[in-house]
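Right, one structure below, let's go through it.
Each chain gets a letter, A, B, C, D and E, in the order it is written, and its residues are counted from 1.
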Amino acid sequence: MTDLPISPYPALLVGLPILMATLSLFFRTRGEAIVGIIGSLLTAGLALIAFVEVTKMGTVIHILGGWEPPLGILLRMDPLASVFIGMTAVVGVFISLYAWRYFPAQEATNGRLPLFWPLWLFLWAGLNGLFLSNDLFNLFVTLEVIGISAVALAVLSGKSPALSAGLRYLLAAITGSMAYLFGVALIYGSTGTLDLKLLSQVLEPGTTTSFALLVITLGLMIKMAGFPFHFWLPPAHSSAPAPVSALLSALVVKGAFYILLRLWMEVFGVSLTYAAGQLIGLAGAIAVIWGSWQAFMQTRLKLIVAHSSVAQLGYLLMIFPLIILAPGVTADSADWLSPVWTAGIYQVLAHAFAKASFFLSAGIIIMALGHDRIESLRDLVGHMRITALAIGLAGVSLIGLPPSGGFMAKWMLLKGIFLSGQWWWAPVVLTGSLLSAGYIFMLLRLAFAPSREKAPFRPVPKKLEVYALLLALGSFLIVLPADSLVQFLESSEIFGSGIETILEGGINGND
Amino acid sequence: METTSFLPLLILISSLIPGILILLLREEQAVLRTFLNIFGAVAKVGLIAWVFAGYLRGEEYTFVFNLALDLTFTLRVDQLGLLFASLSSVLWLVTTLYAIGYLEGGQHRRRFFAFFSFCVTASTGIALSGNVLTFFIFYEFLTLSTYPLVVHRGTDKAVEAGRTYLWYTIGGGTVLFLGVVGLFVVAGPIYFGQTEIIAGLISEYTTQLTILFFLMLTGLAVKAAIFPLHGWLPVSMVAPAPVSALLHAVAVVKAGAFGIVRLVYDVYGIGIAEQMNFLSVLAVFAAFTIIYGSVRALFQDDFKKRLAFSTVSQLSYIALGVAIPGVLTSTGAIVHLVHQGIMKITMFFTAGNIAETYGYHKISQLNGIGRRMPLTMGAFTIAAFGMIGLPPVAGFISKWYLGLGAVEAGSYWVVFVLLVSSALNAAYFLPIVYRAWFCEPEQEVVSQLRSGRLETQALLLIPVVVTGLLSLAAGVFAATAGSPLSIAREIAEKLYLL
Amino acid sequence: MSVLIDILLAILVIYLALQSLLAPRLSQSVFLFFAFGLALALAWVRLGAVDVAITEAAIASGFLGVLFLDALRDFSPRSSEEQKNISTVQNSRSRNSVKSLLLPRLSLVLGLGLFLLIALEAVWNIPDGGGLAADAEKLLPQSGVEHPVTAVLINFRAYDTWLEIGVILLGLLAVFAVGKIQIYRKPIPVVDDILLRQVILFFTPVLFLFGAFLLYFGKTGPGGAFQAAVLWGAIGILLHLGGRPIFLLIPRWLGQLLLTLGLLFFLILGFLFIAGGATLFEYPPAYAGVLILIVETLAAISIAAALTAMFANLNQMKKEESNKIDSTN
Amino acid sequence: METYQIYSLTSAVLFVIGIGGVFISRHFIKKIIATIIMGGGVFLSFVSFADRDALAFADPVPHALVITGIVVAVASAAFALALARRIYQLTEEESFTNDK
Amino acid sequence: MIKEVITVILLVVGCFFFLAGTLGLLRFPDLFSRLHALTKADNLGLGFIAAGMAVYIASPWVAVKIFFIWLFTLLASSTSSYLIARFQKEQEQTKNRKE
């Protein structure tokens, strides 16, 4: 473990945003924004340098304080983590640029929201910390950093619906972290270590481990708005200011997913059963159908987009039943694993780009209209062609039409579904696609329809539209480097691996 | 597949880049836009001609880009693809000219021409795609790029038509998606022409491959407008005439028909398809669609609607030709792909010209129009005769080969279908011709578009004359080397030699 | 005997927890919560976790309790359960909805019961993992402090602790975000009570000294930055209540400095270590003791400032209408 | 029955009470109290497991973790309280209007 | 032995005062008298218990610490009950003025 190359970047990736966040507190509104935007650009630059470093050197580590695990904490930046960090950086920098223009432009209607920048940089540090962390308890702390800053960002507008949604979100987040932490306590009690790597060697199946897995999974499901616990997401995401909604949807929920993936794959392999995978897949499938249907029924743009997040996260959960092999199948013979992993990564990436773009576009529309009821989107194409194009592109990626990243994800997912013989997930994927096509094209239809008013849209800064469009394009461009990206990820230990199960033992239930 | 060539990619880029550039231009920059359009169209025709020449010399053009795992994006030149690509590029050039004239002074021309270019990019992409994945990518891309064209007018009716169009095509696309992924899983990444893969697997995976065939066929049948999946086509003729021309002749329906040809000939192979009795199902549906479309066309008074139902009927000739195994029917099917395109585009241009010049949309208004627009109606008459199947126009050739092939294959009922449909074709086209030339106009209307000695604008007139002549030439010179027929025949012979 | 005490204490803790959730009146809830915190602190002592006991009593029960008490002034005296009953009497339609809620509630309770049984089973059968005591004992001499808990907090797992200081600052920012920072700058009425003022003046140095003692003592025994920080934070809260809101009395930049000092110093120190070729928070062994003391002091100052500011901000968030003020009967 | 067992069982009970409280209680303040109770259960389990081997040198790591955890939990609770008070200030609502 | 006896006596007496104070808190009619019972009795009870502990441990330093604990508690509880009383009085005055 410790013979991997040591690099300072992991520590800097967490330290730098917090440093800038803290520094920004010393300034008033404008200065704070300047420090904030510089901080985001620096962090993004650092993330890209670190990404390049990992592509060259492979996994790098940073032993904090020089104390090796199990006593100390180790930051590990493997290809999987670096892809998530890179994604955060790219999406983050666009959202930062957008926010830099958005908040001054919105000052007249929303008033000043001075704390955006420090909170966002804290959030960024938390996300980087989470992706890098290799320690169960440290993951809890980063989850809390993310949770508090995310909720604080969500309530920035200070309006009562946002506050109410924020409190709901916060309570869900605290409950989730506490459930997670209870699992950590049990794991620490039964193994005496918190380091993921060491845990994977010493963890033994048993009631305690299974229960720990159960509470950890439940906790993380609450945090990532997995199906029965999705109730907090739509109000919280839809009532936040536009750049914040984009951050919450594109990045924050991915954090919990990342931990879930890491823990299931790296740590809890011993106590997973086929049934556990099927159950979590079922939760995902219901989320896909329910979320898409709810999105279809909404009449406010941001609510549509928020419900669509529930559905898109459902696809992520549907990865799990495919990676947990049925009894009797070995990971060597399971040739569907790499498509499924590719599907997972692409779903994460495509959703991050497309959803961020979508929320930014929604922000632009609210700016132009003063509200986001969709019947007022009439003739959007005529008046705001860039935004219309961005919505169209992002929507195409969400539906999963070629040649978008979403298409890559759906293709690989379907392929994995067929190859693994678990064909019963296929109708879910297709129904989800059709339903999402339904709500996306409902928007497009309105966008092309003739307007009933003379000049329905107030002018908005063009740059905002361009940032949203670039993000939407990003959800297409990610397909181009797919081959090298997958090869890069395959050098990560867990990418492409599967959990082999035996017939007996492990938990039988999960909800 | 050994040598990588960027030429096929260049063919796509020649319309993609102008499209993107047009989107970036301002609405007022009409001259630059027109230049880009025509430049792209001419470049595309030139490139395809070059590639065609190279191909005839025996060179191979393949462009491969590996997306991820075994997903590869492949463009490859073969005869069938080239035939379709040349058809779309030539007709695109013509339609571009027509559209420039047709939309002069209209709104949102930037958007129109941009998506127009994307649309042609997609259809040449379909033509040149070397494997099922690439085909599917462009197939969906085509759906998306035509949507803004269908709703271009922005009226409630257009938007509603766009919705119908999308539901049909996205639904079809989803079914196709399922089939394509399934095929990938069962047979791996199949390149067109590698029929031996399926042949090797068919005994082991009979059920799966049968299901997948029909899934893909259903997906493709939506665009090919085979009954009962044709509903979008008559509705979406609310679009401007160039778009209808594109939808009905060049791009969308042809993509469906072309896909069926590819599926049967180059993926499953004609032998397997016949052996598994896939084709008889297709034949029955195609035959029914031919009659059904003709009967529906008979009762339309709206000019474009009649043409639309005629398309439904005519397209199924291709499917029918594919469905009856034999060199002659295959030749007929492939050549009809081209012929129907040329003839139908002429007809839509005619309808557009009449509507633009005199504002007539109904057939009952067309009395005596031939005297006022002789060139336009002349072209229409040629095309109509072709559709009915009178020699020496192009349509005759296709029908002849189809009928001959059917006799050869012993499917006499097909001959009967062909005869009935020809009679119906005559029944709904001849009255138009008759009205135009032999009826007295009820009132004299003077069009503002009528400038100088020309019966309408030059840019509207030239395309229709050109395509009218083309459809005549395709029939008259059918026997010469390089004509669509000879190419189609070569393709068909190759198919059956294997 | 000792087992009996433990069982009684455990029952008391559970009873208080249940009661604080079930109490019909909000004020009862809050007071029972206070008691719960103190009982839990006793449980920590029984388990030999004196540091945790101090932290629990000081922060979770003390500071949070004060915040809850302060919040009580806002909310109406009746709890929502009663209000719901009133509204159901007024509105028969919502009574139906209460009835329809009964089934999900019941299933939720049953589910929780099942969950409890599994949880009890899981904690009862927990295998003995050994823990890290041996590692910590071995490395303790190199850490620069003698008290193992402090060593873990500020040295072995300094990263967690640093993030935690960040979380406190973040919590304060979040509270600001809710209250729209302006509230916090609003002057508060000065209390003109001589007794209160004198008592506060008396307690200020006492608390300060005691905090400093805890901080320094943390090196060798239970105590340390967090415990000290709460005491110092208590000074700020007392001064605020006594009409001397520190953050309004000192210049803005100083307030900001106080709030961020701990986090910044800790981080910049870590960056300096990196620059010197080591890793983040890798103290040079020779200076570890001194550096840890400085880090702890500054962290304690920052946390104290943050707690004060949190309280001050929450305190001013009260509802303005006078008829809403809670009377204690 | 050992001391640690009593408290580890207590911790499980507290955790479940907390979870139940978060979902069933209606008033904001009670929901927040419930999260703290839940946290209390979690922290108690950490330390009670550490107390198993009655060595002279108790495992300091769980103690440190719990101190960190308590402080983090308090920060979140204070934030939640601020939200609750602000909501009440603006709307006079003391609980979520539509249940769940 | 004698030390233990003295400790027990002091603790019992302290507990008695606590009990009395609690009884007063529960039984007295109004706020002021409740406060009265609580502060007086409890502070005294705490004093006895503190004294008992000091005797039991029998170390001068600890005794000083315990004394300070008692002193601070005394100060804090008397101040707070004074404040509660004052708050109540103000409330009543405003109520009267309104009526």
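Keep in mind that, in the parts below, contacts are C-beta pairs under 8 Å (C-beta built on N, C-alpha and C of every residue); 3 or more make two chains touch, one makes a residue touch a chain.
This one's a predicted model, so the numbers in the text were calculated from it and none came from an experiment.
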In contact with subunit B and with subunit D at once: which chains are those? Just list them.
A
By Cα centroid distance, the chain farthest from subunit B is E
Which of C-D and A-D has more C-beta contact pairs:
C-D
Which chain is in the middle, if each chain's centre is the mean of its C-alpha atoms?
A
So the centre of each chain is just the mean of its C-alpha atoms; given that, what is the distance between subunit B and subunit C in Å?
72
Between subunit A and subunit B, centroid-to-centroid distance (C-alpha), Å:
43
Whole-Å distance, C-alpha centre of subunit D to that of subunit E, is 30
Considering subunit B alone, which of its residues make contact with at least two other chains?
none
List, in ascending order, every residue of subunit D touching at least 2 other chains.
11, 15, 18-19, 39, 43, 45, 49-50, 61-62, 65, 68, 72-73, 75-77, 79, 83-84, 86
Set of subunit A residues in contact with two or more other chains:
71, 137, 141, 144, 148, 151-152, 155, 158, 163, 166, 186, 188-190
What chain-chain pairs meet the touch criterion?
A-B, A-C, A-D, C-D, C-E
Going by the contact rule at the top, pick out the subunit C residues touching subunit A in the complex.
118-119, 121-123, 125-132, 135-136, 139, 152, 155-160, 163-164, 166-167, 169-171, 173-174, 176-178, 180-181, 253, 256-257, 259-260, 263-264, 267-268, 270-271, 274, 278-283
Flag every residue of subunit A that touches subunit B in the complex, lowest number first.
338-339, 342, 379, 381-382, 385, 389, 396, 399, 401-403, 407-408, 410-412, 414-415, 418-419, 426, 430, 433-434, 437, 441, 444-445, 448-450, 479, 482-483, 485-486
Can you name the residues of subunit E that touch subunit C in the complex?
31, 72, 75-76, 79, 82-84, 86-88, 91, 94
Subunit D to subunit A touching residues, read off their complex
11, 15, 18-19, 22, 28, 31-32, 35, 38-39, 41-43, 45-46, 49-50, 61-62, 65, 68-69, 72-73, 75-77, 79-80, 83-84, 86-87, 90-91, 93, 96-97, 100
Note which residues of subunit A are touching subunit D in the complex, please.
71, 137, 140-141, 144, 147-148, 151-152, 155, 158, 160, 163-164, 166-168, 170-171, 173-175, 178-179, 181-182, 185-186, 188-190, 194, 231
